[in-house]
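Shared chain: chain A. Partners: chain B in the first complex, chain C in the second.
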Partner chain A sequence: MAEITPGRAYGFFTDTSVCIGCKACEVACKEWNQLPGHEPAFGDGFDNTGGLDAQNWRHVQFIDNVPDQTMGTGQGKAWLMMSDVCKHCKEASCMEVCPTGAIIRTEFDSVYIQPDVCNGCRNCIAACPYDVISQDEQKGVAQKCTLCYDRMQGNMEPACAKACPTDSIQFGPVDELRQAAQQRVTDLQEQGVTEARLYGDDSSIYGGLNAFFLLMDKPEAYNLPNEQNAVLPRRNNAGGYLATLGTAVLGVFGGLIALRRRREPAAEEGDQP
Partner chain B sequence: MTNHWRDIRHADLILVNGANPAEAHPVGFRWLMRAKLDRGAKLIHTDPRFTRTSAVADIHLRIRTGTDVAYFGGLINYVLENELYHKEYVEYATNAGFVVADNYEFSDGIFNAFDEDTGLYNTDAWTYETDGSGHAKIDIEHPRSVLNLLREHYSRYTPEMVARISGIPQDQFLEVAKLVGEMGRPEKVMTIVYAVGLTHHTTGVQLIRSGAILQLLLGNVGRPGGGMNAERGHANIQGNTDHAISWEILPGYLKIPAPGQKNLDDYVEKSASTKLHGLAENFFGASYRNFMVSLLKTWYGDAATKASEFAFDHIPKPAENASWISIYDQALRGRMEGLMLSGMTATSIGPDSNQVLKALSNLKWLCVMDAFATTSSEFWHAPDMDPATVNTEVFMLPATHWIEKDGSFTNSGRWVQWKDPVLPPEHESRHDHWILAELFLRVKDLYRQQGGKYPDPVFELTFPYRDPRKPTLDELAKEVNGSDLTSGKRLASFADLKADGTTTAGDWIYTGHYPESGNLTKRREGIQNPAENDPTGMGFYHNWAWSWPLNRRVLYNRASADPQGRPWDPQRPGIRWDADKGLWVGDVPDYSPDTPPGPNAPLPFIMTGEGTGRLFSNSVADGPFPEHYEPIESPVENPLHPEVSTTPAAYLYDKQAGRPNRFGTVADFPYVATSYRLTEHEHYITQHVEKLVQLQPEAFVEVPAELAKEKGIATGDRVRVASKRGKLEVRAVVTKRLGPLQVDGKRVYQIGIPIHWGFVGISTGQHWLANALTPFVGDASARTPEFKAFLVNLEKI
Partner chain C sequence: MTLAQAQHFVAPPHWTWYILFYFFVAGISGGSYLIATLFRLRGDRADEPAARLGYYVAFVALLPAPILLTLDLGKPLRFWHMMWNTTPGEPGLNFKYWSPMSVGVWALLLFGVFATVSFLESLVRDGKLGRPGGRGLDGVFGRVFITVGAILGLFIAGYTGVLLAVSNQPVWSDTWALGGLFLASGLSGSAAMLVLLQRARPAARASEGTLVRSERLYAVLELALIVIFVVTLIPDGTLGIVFGFPWLLLWLVAFAGLVPGIAGLLTSGLTVRGEPAAAHRQSGSGGTAVAAAERTSVMTSVAMPVLVLLGVLALRAAIIFSIQ
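Our next item is the complex of A and B:
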């Protein structure tokens, strides 16, 4: 791979159509980032990790839609597997709510939590629309995928991408990944896999995701917010504010009416001898 | 593998049977995905379960476990009936035209030459009609030509019959058959990828042969992107096999001598193939004595002389089968005193773990060489074991892990790759080969001091290492390679081995991996410079490590070109005849490199007596053509011949030894079960690896959703799965990935049993061994246990 250059945006293209659910990404991530992980516990047999959190920065989701009759194309549609990760959003809500400035955008355009600046307030945990962040109870700080910031500074691709045997996880400059993803989705469409779609490759999802995906079903199938929902509330969101104002006005009116109504029967009651 | 991992990307169609490469071989699986992504290859996964391989396949066929002979048989029939086979290839490179002797017979499920009393076939009876010179008569139109007998044999495997036996609906089968049928065209090529899902059956060898027959008919053996490719289950299991881990062979697949063979002449006559065609090279058969004498010379040095028959008598001649299950059978019969286990744990591996535990309890002593505590080194902790009744003395010798030593791994594709130690050995642990060397030297001392029966093989064994107590793997590799004793130089080819005692070779197929120029398995000239390291662009990378034989990357590659030496598909050449150079170019030719093609050129399969690939073969114990037989425990009678439902040639240990029957019937055990690995673990050893235990922490069984509904079972519930031999009490995972099958008009459910858990490791207290369920019976030829098909019952606890 070409040299990893500061000033360029880097990210992941996770192509779920070739994911085989081997979890090499989960293990490689834990090994490199020295994450101890949780106490072993049975989940549902195939997913015993549960979700992304302070100990799990990659998590393979398994979505079992296998029909009784299993003939027909597997093609990554019947048993969906997706290696989930922090999306490194362009409009990163975690960054917006961080009161200490611990969460920064790095020279590689990734979203990074500086552990020594984090005060453990948990605002980012609540703010993340993807449920990516959680608190490391030992260290008292919020943790998530760093896009292997330390590896990138040493000109190495992130551990998960390095370990992925089928290149489901591809790492590179975001503009190049977007081109490759476009080609892949076109190829799949031509092969008749019409459900294949990209998620987060353009600005429709939180202004664009540096870690974006090729999905084999609707985003909702993977518990991802769709285009309508993936909008960040913000100060210049005039439409949103006006709507909120309208709701507030209606609410006040409603309240007044309710109060008045409450008073009326009360008055009636008072009339009773 | 006839081919190798990287080669799979050349395939147009990939049949995966009895394998789950996405889970068991995720790194090698990239090449199946490359075939799909780069050339639009179709991937067809035929398996009882919808696995992580099926998830990315183009088609998944749900098959009843153990019925792949019927599935392949149906495909063979389809290809023959519709004349879709590669005619020119079949006539040139297979024994299709050989005329079978007129004693051949197959009726009611039994071939000719079966002895009811011994339960064995006389395989010598399956032979050809020969002329005066001992060569086979060739006439493809003859009613008893191999091709015509093959047609007749497989005509019964209609799509209806395939569906009745395997549960694959006819329309689904025919859709796949159509794709497979196209692969007989010269410009197309298909690969078959398999693993122990085919091996672990009483019909294991025939399951694999079925695939090979299909590949020969389609003209796909010897070609890049083709072949019959076994995915091996450990990093070095291919190396183990090559160096005679199986009882019936010596290194390099030379046969173990049998009782009655008094000298080398007897041995070679009984073991080596004879030339059956005027143009056959019969290289293996013709070189058999060279290889055997060189092996004996390696082992017994100065004691191996012409006068001493090269110490042929020092090699044991086992009177009885001594395969895996037989070891425990002998212990159960009280005929075994001690056992040494190295690099595996018998308790977990089974089959029929409860019976294996009983066998271990019958021993006087057990010695376990391992890097970790195993279910064998602590076998008295197994469920239902009463330690007070176990008198076996157990020795645990701490051995190094492979990560702590150098040496070579031979991968599935026969590439021998040298590796460095990553960590220094800890504490008092020693390498296995040092333990064995020490043991040998002490035994030798005891012989010297006390004498003993037949000391010659012990005293005369060569031990030419700088420090005999600590031989290096480098020294062993040189010894395996072999030398010319006259010049003292290491050899570069097994073609130079001689039968006069002037050469050595510890394993003739490895001769050439460590010539005078150095250890070729250390070479790493790979994708850093494809133009230079892979000039053909076919991915042979001849200067990356070394592959046996002679650095050849695709076996039988002469068959990748037509009789004139032109590749069947010029886009994907294996080798081709370069008339200007007067040489075969491309891969290392499986053939004399300067022998021009033509009507008098040797036939392409240089190792066989026929000179061709074998559609009809007498080298398997249970029939010259594969036939479908039911697993020993089966929910149905064999629809082809209910009177002979299971293979008549399987050896039934308990019955033969007079022990009580341990096979269940469908009345008591109504569900079919199959056992397998998950991607998160590697057999049993990863129970010591924290990160993997987190990924897959607890034993479970997979239960079909419909059956679970009937029984009120939900994912996470505890269930009891029992066979006639034992039980598991573990969690259930309910899924539609194991759906019901219609087999011969009957609804059949299959239950999935991952194997990885025991009572040793990070998570203790899980006392369940999957192999407590599996039957104590194996393949008719290889005796590999039937781990993949047996009957169980299921209850919610």
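Our next item is the complex of A and C:
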């Protein structure tokens, strides 16, 4: 791979159409980042990871759409598998609300939580629309995918991309990945896979996701908010403060009315028992 | 938006008991400061004891606030990171006007200064510090000071709702009413708290009628905001989350807390039984007021305020816990 140069935007293109659900990415991530993980939980699916959190920075989602009756070839529709990860949003909700400045944009344009600055207030968890961050119980701080910040500084691609056997996870400069993704979706469409679509490759979702996806269904099917719902927390500042201001004005008025009332002697006489 | 269109895939932040009690004390502290300031600026001489009581409550209620907030952090000893950015190479103050948590830290600090000064000043006026009958911050400066303090108090009582809204959480981020709702309930809770405490401060009883009246008005304001809250959640289809079982029980307590105020308003309007006539209040301080206050029942001055305060807590609990 070419030199990883600071100042350039890097990210992932996760092509879910070729994911086989092997979870090599999850393992490689835990291995490199020394994440102890949780006790595996066995439900009725192939997913014993649960979701992204402080211990799981890659999570392979298994979306079971297997119909009761067989009906021809599935064309990748029956089982959807997707290796989920922090999207390293251009307009990042987590970064927007963080009061300590712990969340920064690195020289590789990734979104990074500095573990020695974070104080564990968890505001970012309330903000991230993708359920990516959680608090590490031992360390007390918020944790998520770092895009292998340390590896990138050493000119190595992130562990998950390195491990992925099908190249479902591709790492590289975002502009190059976008071109490759465009090509891939065009090819799929031409082959008749009309449900293939890109998510987050343009600025319609949070200004563009540095880690974007090729999906085989609607974004909602993968727990990804669609375009109308990809909104930033700060949208609620103006309305919230205005309602507070209106209430404050009414509250002061209420207090004044309560004070004024007894100055009217006529009414007061009536009060006497 | 059409029905049930809001999509929420977020994780809950696990803000629980510490935050609930912080929201409660913030509402009581800020609200009491406002009521005290209204008494001092717009009341008469007989309202001064109640004003001081309000400043005492504002200070004492605020004391646990920083402790609660600090204990809630995953790294409590780094609470100061909220104010000072420790990112290597970029030291400086942290202030993000678009992040209510960041604004709130500074507002809390500032309001703390005002609440402390007004508390000390009330002690001086009460003769508890230095010579008896000491003078406080009089004149224009004093008035401006408590006015600014009251504005900060209003902010502290209300911004907590905005903090919840500035997120991507279901319910919280689907409405713009939370800041106003928390403020209104903080005000009614403060009026109730003062009604309760003035039993222990006979001189302040002259203002009981005003406090009861305020509480009624604030209860109506709160009810109006609950209605707005509900209406704003309908399009996003998240109403079922916050009003589902068991949260409905908390809402019942919250509504019960509105009953004294609203029933009082419906039955007797703005008149309060047993309140001394204006002329009597003006002429003498202590005696008349105390005699009059004894006529208001234990029901009005203990049971009802306690119910209101429980309602304030239950409202916040329902909103905080139901989504997590």
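Going forward, the second predicted complex is superposed on the first by the 224 of 273 C-alpha atoms of A that agree within 3 Å, B and C clash if a C-alpha of one lies under 4 Å from a C-alpha of the other, contacts with A are read in each partner's own complex, and residues count from 1 in each chain.
The criterion applied here is as follows: contacts are C-beta pairs under 8 Å (C-beta built on N, C-alpha and C of every residue); 3 or more make two chains touch, one makes a residue touch a chain.
Since the model is a prediction, treat every value here as computed from it, not as a measurement.
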{"item": "First, second, both or neither for A:66, with chain B first and chain C second", "value": "first"}
{"item": "Touched partner set for A:135, first chain B, second chain C, both or neither", "value": "second"}
{"item": "Contacts of A:18 with chain B and chain C, given as first, second, both or neither", "value": "first"}
{"item": "Partner touching more residues of chain A, whether chain B or chain C", "value": "C"}
{"item": "Contacts of A:49 with chain B and chain C, given as first, second, both or neither", "value": "first"}
{"item": "Touched partner set for A:41, first chain B, second chain C, both or neither", "value": "first"}
{"item": "Touching partner for A:166 - first (chain B), second (chain C), both, neither", "value": "first"}
{"item": "Partner chain in contact with A:26 - chain B first, chain C second, else both or neither", "value": "first"}
{"item": "In the complex, chain A residues that touch chain C", "value": "51, 53, 93, 96-102, 104, 114, 116-123, 125-131, 133-136, 139-142, 220, 223-226, 228-229, 231, 233-234, 236-237, 239-244, 246-248, 250-252, 254-259, 261-265, 267-273"}
{"item": "Interfacial residue positions of chain C with respect to chain A in the complex", "value": "1, 5-15, 34-35, 38-39, 42-43, 47, 72-76, 78-79, 81-82, 85-87, 90, 94, 96, 98-102, 105, 151, 154-155, 158-159, 161-162, 164-169, 172-173, 176-181, 183-184, 187, 209-211, 213-214, 217-218, 221, 225, 228, 270-275, 277-279, 281, 295"}
{"item": "For the chain A and chain B complex, residues of the former touching the latter", "value": "17-24, 26-27, 30-31, 37-38, 40-42, 44-46, 48-49, 64, 66-76, 78-81, 165-167, 191"}
{"item": "Of chain B, residues touching chain A in the complex", "value": "22-23, 26-27, 29-30, 33, 37, 40, 45, 50, 52-62, 169, 172, 175, 679-680, 690-698, 700, 702, 705-706, 715-716, 731, 733, 735-737, 739-740, 762-763"}
